[in-house]
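Chain lettering (A, B, C, D and E) follows the sequence in which the chains are written, and residue indices restart at 1 in each chain.
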Amino acid sequence: MKATGTVKKILANYEGENPGVKGKLCQMLMNGKLAGTGKMIILPVDQGFEHGPARSFAPNPEGYDPHYHYKLAIDAGLSAYAAPLGPLEAGADTFAGQIPTILKVNSANSLMSGTSGKNQAVTASVDDALRLGCAAIGFTIYPGSDMALDMFEEIVEMRKEAAAKGVATVIWSYPRGEGITKEGETAIDVGAYAAHMAALLGAHIIKIKLSTDHIMQPEAKKSFEAAGIDISTQAARVKECVRSSFDGRRIIVFSGGASKGADAVYDDARAIRDGGGNGSIIGRNSFQRSREDALEMLGKLVDIYKGKA
Amino acid sequence: MKATGTVKKILANYEGENPGVKGKLCQMLMNGKLAGTGKMIILPVDQGFEHGPARSFAPNPEGYDPHYHYKLAIDAGLSAYAAPLGPLEAGADTFAGQIPTILKVNSANSLMSGTSGKNQAVTASVDDALRLGCAAIGFTIYPGSDMALDMFEEIVEMRKEAAAKGVATVIWSYPRGEGITKEGETAIDVGAYAAHMAALLGAHIIKIKLSTDHIMQPEAKKSFEAAGIDISTQAARVKECVRSSFDGRRIIVFSGGASKGADAVYDDARAIRDGGGNGSIIGRNSFQRSREDALEMLGKLVDIYKGKA
Amino acid sequence: MKATGTVKKILANYEGENPGVKGKLCQMLMNGKLAGTGKMIILPVDQGFEHGPARSFAPNPEGYDPHYHYKLAIDAGLSAYAAPLGPLEAGADTFAGQIPTILKVNSANSLMSGTSGKNQAVTASVDDALRLGCAAIGFTIYPGSDMALDMFEEIVEMRKEAAAKGVATVIWSYPRGEGITKEGETAIDVGAYAAHMAALLGAHIIKIKLSTDHIMQPEAKKSFEAAGIDISTQAARVKECVRSSFDGRRIIVFSGGASKGADAVYDDARAIRDGGGNGSIIGRNSFQRSREDALEMLGKLVDIYKGKA
Amino acid sequence: MKATGTVKKILANYEGENPGVKGKLCQMLMNGKLAGTGKMIILPVDQGFEHGPARSFAPNPEGYDPHYHYKLAIDAGLSAYAAPLGPLEAGADTFAGQIPTILKVNSANSLMSGTSGKNQAVTASVDDALRLGCAAIGFTIYPGSDMALDMFEEIVEMRKEAAAKGVATVIWSYPRGEGITKEGETAIDVGAYAAHMAALLGAHIIKIKLSTDHIMQPEAKKSFEAAGIDISTQAARVKECVRSSFDGRRIIVFSGGASKGADAVYDDARAIRDGGGNGSIIGRNSFQRSREDALEMLGKLVDIYKGKA
Amino acid sequence: MKATGTVKKILANYEGENPGVKGKLCQMLMNGKLAGTGKMIILPVDQGFEHGPARSFAPNPEGYDPHYHYKLAIDAGLSAYAAPLGPLEAGADTFAGQIPTILKVNSANSLMSGTSGKNQAVTASVDDALRLGCAAIGFTIYPGSDMALDMFEEIVEMRKEAAAKGVATVIWSYPRGEGITKEGETAIDVGAYAAHMAALLGAHIIKIKLSTDHIMQPEAKKSFEAAGIDISTQAARVKECVRSSFDGRRIIVFSGGASKGADAVYDDARAIRDGGGNGSIIGRNSFQRSREDALEMLGKLVDIYKGKA
């Protein structure tokens, strides 16, 4: 499909990459209802791994079936669908070629003890991504964890292999662990830093959480204040995170977090849009609603990103 | 993009393949103006290798520029664009993700002497296809050549590697060489046999020439006659080739050959359509015409395949 | 060094390549007296292999010493120096970093019998090029030889390895062998075809001989005449070869052939310039003259390419 | 470009290395305004990783864009530009071949907790350096850290691979961790020891901090006093570090540390020059100033290293 | 042992090589009675392979025992001893470290038919050379044979591996085969060309036969005459071969050929010395004589190379 000027401009920022990787980014940016706008909505379903099946799927039991999520992402006209190996394999043939997929290649779970360290297991490979026809691999890092350096080394190796084979890389950058306070996990200084580290590690798409106006690090506080960086609104904080992603040269999407009211979800999306972010990666807030509600909400989000709502 | 029932039915025939390969087939079947119809028109531009630049491009000099062909394929809404390494590289970044591409991985040329054997050189690799984001590799075999067995072994190896990485394989099956008479190159028995061998070797898409009603092999003649196979019309002969491609379980497209009048091209397409073939792979007849004429002709071909002309 | 707009425009044509390869092309285009003009003069010294030492170096015995050629290329302000493994090794340390070098990785010789086939031996590797700090590898193909397909397969493999490691590829495309008449070796249809094949195989820089107005292939003759391609002057023939190199998207340089008078060399250069070629690769005509004469001639060639003579 | 006698003399000290590595050193020593002087100024921008984006770039927000630093290094006529994978990729194509680059292949960050150990993650590879056309890899070691031995083993392996492929190695030798007091991090005995260890590990270019006149180790104190080593001035201390770098056989550059007044930066440079050091690697003091101020300061530093200021 | 200035000057010519290779060359140049003179005498015993045992060893039956040759080389104070795998293995332990050895890694034999092609089998590896502690590998090429390109490719690969492991390479360059007349095998133009090709292929030590004043190639004849190259004496012809070995930058030794009178052997050595060659590689003329006679002859040769006889 002919790419729009907006999409071409975004692709041009990935100047170090081969046409295979750029083609995969284009595929996502030209798919679904936001095709050509430079905005994206991604459906991620790795909460089963993270929180267990009941906490993830009981609110809307159709979600126990992996096909449900494929269909939801396709019918809602989303940009891509992200999941671990198992669920992708469970629907990859049926839905082959119908929606760009992101293979989540590492995973944590909530049965891990407090002493096991903040880490994830590598649970899939680049070869799996190729075999399943994925547009990208997805990888979570935990900046601030005492295992963070190991996680960095893992994704750097996988990204190198993936990029050489024409597969893009999405990094979920989620600060947590020994170096991070609870409040710090969503602090604006930490969030912007998390986005920046993902960019430094070579992420093609960066996924972080929306931030609060808390600043965790005293040294960062000084810099924010000296420079007069506006962090008073969500849009302003998104803007700082976009700027920290190579001044907007990298696609950055924001996750919605736990389930909440539809209006809160819309407000988040408007802030992401107004702050210059590229979109939402929205899991529980879509698949834990009924299909009907989810489709309505996702349709409204599309409108917001198109500037129509 | 949501695949149509027609496309899903075609994909279901590739039941031994992984979702990566099927996704690439879907990508081609869901691209351009014939998206969803189960029909394809592919633009192949390897004639520069086969016949030299002047014979290929002088009739429409814009074709000397590799970008011209990318643009033509995209603007005409074709299913895919096929070319050797050099021309794909020359536009792969500019047009990344905008049209499925087929990397022609072997090539012959017309400077070869009569003593050099009927063979082609392997001129690109599966790694190149991945790096350039190609949907498929393309490979020519010469059934009937004394080098044919070597060529079969080469494509079998490459297909194995490509399929494991989620890349589809198109086989150009062109009988020629020591075992084939000049008339036999387009004989219906030989053409159907060529299609069948490509299918046997694991081709996902088979490309052959349209046949005449000549039958080269006496033993074949007996069988054709005994079974009363109709070869009196082009559509009937296409039907026999489709049947020889696993009874229609493999996509088969037909090449147009040397430049000719538009009406002859349309007649060919109608015969392909009526015989149950999947479409045309049409090089010289498109790029040797002016862009305007080519777009008009390709538009008409789309209409024919849609049953509107 | 800051690249000029002219050079940046040339580099942009290599859109499928990584920054390593582009950097090496930039290095050559920004070196010496033609830096930034988009023009190149390369000193190749592989004639010792091709014709033996006496025929190559006896006319100017200083040339027996590999250091002589490094110095000549540096002092004349050339774009690059090309040679086989042995001579590069003999000076690579002394002149490290002072001039871009091209490692000629295959070689023929004139002790080969008439029955040995038109072929070359692979006499160096990409690893050697990296170890010696070379900007490019150089490889000769003989289109028309019965060994041509083997040679194509060799360079395609080496190019892939070189490009992945950030090393550029120069292809010497010299038609000869069973498929080519003596007159055909320099025929314009064959020369343009040779340039085109080098481009198709992925050459970053194409090196061919200047052509005569002879046309070897009857089918090509028809195309040339039908399209009214002007081949009456050397500049017109250069233009056709440039057009056959992806419409000027690939750098193309022309070899000077056997020693001749200075005025003939200058006339060649003016034709190359006027036809849109990128420059000269000039061996015997430089190193078989005295150093003083060679420097004067090379200086004059620089002036010609700068449009001053 | 023709190397000067000064540069040739420096290169001759790297007598165990292949011409590829020496060529890369030559490239840096012959680039920019200090070309040929044997002095270097390198722009390193890895502070985003080390301290986060706001602390690094908010003082001069243009620095959020990776292109800004490429341009600054080129326009200021520096010897090289060093950065992690992400920022290099973000500009490697646009600026291909225009300035030697150093790929920082390991990185720490300030979100790491006190219990995570003093270590860095390997965040890029030699293959990345080749693909991006880098002149060198850069690697940080922390002598005195309980992880130091692991870091030594990592760089020794990477250096071996890099050197075999003709890529140079820069070692950032920064004492810190369990074996080092806060004051000891910049003690002269520790600094000279850090430089010496980098040399012992095979660094082609050594980067350390400027030292104070503190001596951390009692045994070292005895030796310094017994030998009457002058450590009273910065120049004297630089001299001791140069001597510890194989008596000047290895290039050694000094980092400027946190932002400070221009005069302090100039004083440092004069001390480096007078003590026989090879130059400055100057990050925050350049990119945290406005572009105008940075260019002025870097110009002045060039003058100082040329002995004109 | 401290190398002499003469030896250091020779080693400096191998500027592209690592210290391992240079150290092996130094070992040979600093061994035995010619240590430090830049001259070498090598004992090669591969005639058993070439001509069979009786033709090789019956004239002096002690030579059937591999130990005999080790002892002869050591006692005569030679520079090195060269042999195939078997004989080296048969004495490598007893004489470990007592004389530099050259493992002859390919071999022909005189049981080969006229139709088998002029070629040799690779009969040992670089690993064998390392395991046996050899200073070098030795490899024969047959310029002019229709197998020559294959042989070139073999030695280029082996040399690369050997040099990377710090092992030197000696090339025996013996023109023969389809492209060479009987008289041409020792023609001066062919001999100089053979030496040159060995140098081009990366030989550290070149071994050729002494030439006659015959010139085989008409084109070469023109060049010799035009340049007035003196070929009237053996010394003059040696000089031309030395010049063809990168103007003396490569060590070149000459073989003595079939057994002959002692005076003829001495005359050859004087010509080699006077023409600037580096020495003799003398097999049958030493080991087919009695040990006593051989030691006397070798002693006399040492005197000749020292300029005392």
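One rule holds in what follows: a residue touches a chain if its C-beta (ideal position, glycine included) is under 8 Å from a C-beta of that chain, and two chains touch if they have at least 3 such contacts.
Owing to the predicted nature of the structure, the values given are computational and were not obtained by experimental measurement.
Novice: Count how many hops through touching chains it takes, at the least, to reach chain D starting from chain A.
Specialist: 1
Novice: If you take the chains that touch chain C and keep only those that also touch chain D, what is left?
Specialist: Expected: A, E.
Novice: Working from the CA atoms, figure out how many degrees chain D turns to land on chain E, in steps of 5.
Specialist: 180
Novice: If I rank B-C and A-B by number of C-beta contact pairs, which comes first?
Specialist: When A-B is set beside B-C, the one with more contacts is B-C.
Novice: Could you state the distance in Å from the CA-based centre of chain B to that of chain C?
Specialist: Their C-alpha centroids are separated by 36 Å.
Novice: Roughly how far is chain B from chain D, going centre to centre by Cα mean, in whole Å?
Specialist: One centre to the other, that is 56 Å.
Novice: Using mean C-alpha positions as chain centres, tell me how far chain B is from chain E in Å, no decimals.
Specialist: 58
Novice: In whole angstrom, how far does the Cα centroid of chain A sit from the Cα centroid of chain B?
Specialist: So the centroids are 39 Å from each other.
Novice: Give me the residue numbers in chain A that touch at least two other chains, ranges are fine.
Specialist: 15-16, 18-19
Novice: So how do the chains connect up here, line, ring, star, complete, or something else (other)?
Specialist: other
Novice: If I apply the definition of touch given earlier, which pairs of chains qualify?
Specialist: A-B, A-C, A-D, B-C, C-D, C-E, D-E
Novice: Using the touch rule from the top, collect the residues of chain C that touch chain B in their complex.
Specialist: My answer: residues 13-17, 143-144, 146, 148-150, 152-153, 156-157, 160, 175, 177-180, 189-190, 192-193, 195-197, 199-203, 217, 219-220, 222-224, 226-227, 229, 240, 243-244, 246-247, 249-250.
Novice: Give the list of chain C residues in touch with chain E in this complex.
Specialist: Residues in contact with chain E: 48-49, 51-55, 58-59, 61, 64-66, 84-94, 107-117, 119-125, 127-128, 132.
Novice: Mind listing the chain E positions that touch chain D in their complex?
Specialist: 15-16, 18-19, 164
Novice: Can you list the residues on chain C that touch chain D in the complex?
Specialist: Those in contact with chain D are residues 1-3, 11, 18-27, 30-31, 74, 92-93, 96-98, 127, 130-134, 164-166.
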